[in-house]
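Below is one structure, written out as structure tokens; the observations come after it.
Chains: A, B and C, in written order; residue numbering restarts at 1 for each.
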Amino acid sequence: MRQVVFLAWQSLRFHRLQSAILIFGLAVTLYLPLAVNGLVARYQASLLQRAGATPLVAGGLGSRFDLVLHALYFRGHVPRLLKMADVQALRDTGYAEPIPLYVRFTARHAPLVGTTLDYFAFRQLPLARGEPLLQLGDCVLGAEVAATLNLGPGDRLLTDPENVFDLAGSYPVSLRVMGVLAPGHTPDDRAVFVDLKTTWLIEGLAHGHSDVTGTNTDANVVLDRTATNVTANAALVEFTEVTAENLASFHFHGDPGDFPVSAILPIPRDEKSATLLRGRYQVPDATVQILVPRGVVEELLGLVFRIKRFFDANAALVGTATAAFLLLVVLLSLRLRRPELETLFRLGCARGLTTRLVAVELTGLALVSAVVALTAAQITWALVSLW
Amino acid sequence: MMIEVEKLVFRYPHSTFTLRVPELSVAEGEKVALAGPSGSGKTTLLHLLAGILLPDEGRIVVGGVQPPRLGDGARRAFRIGQLGLVFQDFQLLEYLDVFENILLPYRIHPALTLTAAVRERARQLARETGIDHRLSHRPGRLSQGEKQRTALCRALLPQPLCLLADEPTGSLDPAAKTRVLEILFEQCTRARATLLMVTHDTGLLGRFDRAIHLAEVSR
Amino acid sequence: MVKLPLIARLGLASFLSLVFTACRPPAAASSSTVPARRPVVCTTSYPLFYFAQRLAGDRATVRFPAPANEDPAFWRPSRDIVRQYQRADLILLNGADFEKWVNTTSLPLAPQVDTAAGFKQDWLMFPEVITHSHGPHGAHSHGAIDFNTWLDPLLALRQADAVADALRRLLPGAGAELEQRRQQLRRDLLALDQELRGLSTRLASQPLLASHPVYGYLAHRYGWNLASVHWEPDEPVTDAQWVAFDALRARHSGTLMLWEEQPLPAVGAGLRARHVLPVVFWTCGNRPVHGDYLQAMEQNLDTLRAALASAAAANPAFRGGPEGTEKTGK
């Protein structure tokens, strides 16, 4: 067998251009479905892993796909907002601890995720640098965001205005970067995390300004004053940055129970509690829906991959045609090599040697093609995962 | 006798040609030329003697063995181990260098084991035939004479009992023809191998021990 | 070298692996023999600290990080203390807008327990607070919520029950012990309530004064006829404030004035000149100098009883009912 391998290697080496073309053809035929299916499988696994790691998602009534994509991957908008009162009501059931999320704003185009410290413990997100959130106006960056924006603990990050033309709308707030999360290869890498209260600050439900009720208040900022109330006018400057000096001036207006939340991650105490909680909200007049994310993502992937079958069929046809062409090339090559094979026979080669020789050559080509295809696929998967 | 043929009859399928050799013999160590007009069956006879083709009738004995009576595998082993074949068109493998072409019989049959002694013998043959400076070159870079000398070394390396050469000088120029023939005769003498060589060149017949005219033999 | 047959080699390998397995050092002590860490409970007010300590005993480490010289209602914890709260297994909040620093601080939601959330309908508002608003139709602040809920023993009991419920979830194996302690604390708070009711009958509908509007829950529960000003014990009273005080007394002629701490001597003199006796009724927001919450409240009652007796002796116009009669309160 060693001699056959030697002869096969010598032949392939001599006909290097033809060998390279055959390897290229075979490798491409193998690479395309390998790379695509590998990417799809990895993406699917990544999506399902994220969904599987989240027991439940709660949100307003409407599209369950929108809700799950929003809560798990911070994409898109929810069909309907909830309130903090809904968070408390869920907590009062005793079946789960709720983790509220408010994902509405962005900072340098990265989603701004308003939540509580419970989120970091639930997702097991360690810090690579710096400290956790401490107070209003702080933020913690996902690993990719920090790398892309070249920011770290101690830096400042400005939130994006929702509408640059709406001067009376939410205004940008300068956030203090407290920490940077370690890479986790999840959507958390591409998000900026703030305390839930900070998103309400950005929305305008809270603000900080100098005291207007005191006797030393600048009269230019007072619209009206009675014995029990002072009305400030638009000249009153509101702080766009939370500092140690002005922190105490920040306050909320309105009932905290009415403050908005876009989704809730209920963390049930156990399986039974999860079932009971879901049952509690499956009533006709419920305004909150509770979903099992894995089921929703599987359903979504099923819809998407129904289309993938057409691509698979197309790839199979193309692969079959390519294989047919390659077979034709091999057969023609054998015809061209008939004198060589005849020589070996006339010299008295062992029975089956010519067959083994051709088989070893083809196997070698196939193996090299497979290695090339697999290597190219691995590189593709690695590059895509980086991107 | 090295070669004995009796009442040999061979017909190609789908052809009207019939080779008939009632009787033919070649003694050990003899150098015999096999002559005849084109289409008389000279090459066919060589192939029958080598066991490449099987006769329809008759008896063939080469080196005491009747190749037609052997199984395919044994026939191949006999051919590669006991016979040396030299072809008019050299039939070297273009993807092997001269050295590997010479060693080829030892790579294509387990009956022959490639050892360091075999490699050294190959180098010696190359020196004796004047192609030792071409050992790392592929056939594409050789002259016709050098190619034929390579083929000759390949045929002689297994130390065959009998060398069957099919117009080995047919493609060579006169100078190369002379050189190859001298080497052929010299090596056969040195190896004490029997030589049966097909040739069209009547001018060479005098150099052989005798000549067999196939047209006269085949009736 | 002797080459053993394959089966002999396999057998030898198996035997040797068994020998090495048997010689393995004993496994390290299992985690069940290592005592588990005691859960940490952080509170935002002294009364909650007291309740949690009484209920948890040595089952949990209870902390109240506010410095003794700070008013916890207006205290802002340092970074290190915020981290303490963040790491706590249970964060007990008074609620009713007591711990304002929580509104601008990042704390995990799961460990938080708002002990006043269960009686939101009973919250009172501070009177005469100046609010502010933005524009004619803009956002506006509401009147401030009176956060001194623990002064009312029955509301304090509800807060203590909330603490007990939270501790029961935190210490699932201590249910019986917790319940026993809860019943004991309940008896103590109900006894305090009875004493206050009895004392309140002596007060009858006598007008009372207060330096700060922090006794609203006591007044509401026990029917005290209470009027408040906004004086600080460590600050002198201005002439304008005296004028306003006199005007108040013209329509609310109280002779006892409750103070969270002793007023300045000059203020005390001014009050006595007006036949008003300052009475220290400590609000228990932070740690008492001596004793605990219940002892401090007992001290408050003793001080008030003595003041009542003194007022009755000094001022024949002062009328009060006998202690012990059930008083129509809330």
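As a working rule, contacts are C-beta pairs under 8 Å (C-beta built on N, C-alpha and C of every residue); 3 or more make two chains touch, one makes a residue touch a chain.
Quantities reported herein were computed from a predicted structural model and do not represent experimental measurements.
If you draw each protein chain as a dot and join the dots that touch, you get a simple line with two loose ends. The greatest centre-to-centre gap from chain C, using C-alpha centroids, is found for B.
Centroid to centroid, with C-alpha atoms defining each point, chain A and chain B lie 74 Å apart.
The mean-CA centres of chain B and chain C are about 114 angstrom from one another, to the nearest whole unit.
Centre-to-centre spacing of chain A and chain C amounts to 45 Å, using the average Cα coordinate of each chain. On the chain A side of its complex with chain C, the touching residues are 91, 97-100, 116-118, 121, 132-136, 138, 195, 197, 205, 212-213, 223-224, 227-234, 236, 242, 247-248, 250-254.
On the chain C side of its complex with chain A, the touching residues are 76, 79, 82-83, 86, 103-110, 128-136, 139-141.
Residues 47, 50, 52, 72-73, 75-81, 83, 85, 87, 91, 93-96, 100, 104-111, 114, 138, 154 of chain B are the ones that touch chain A when the two sit in their complex. On chain A, the positions that touch chain B within their shared complex are 3, 6-7, 10-11, 13-15, 339-340, 343-351, 353.
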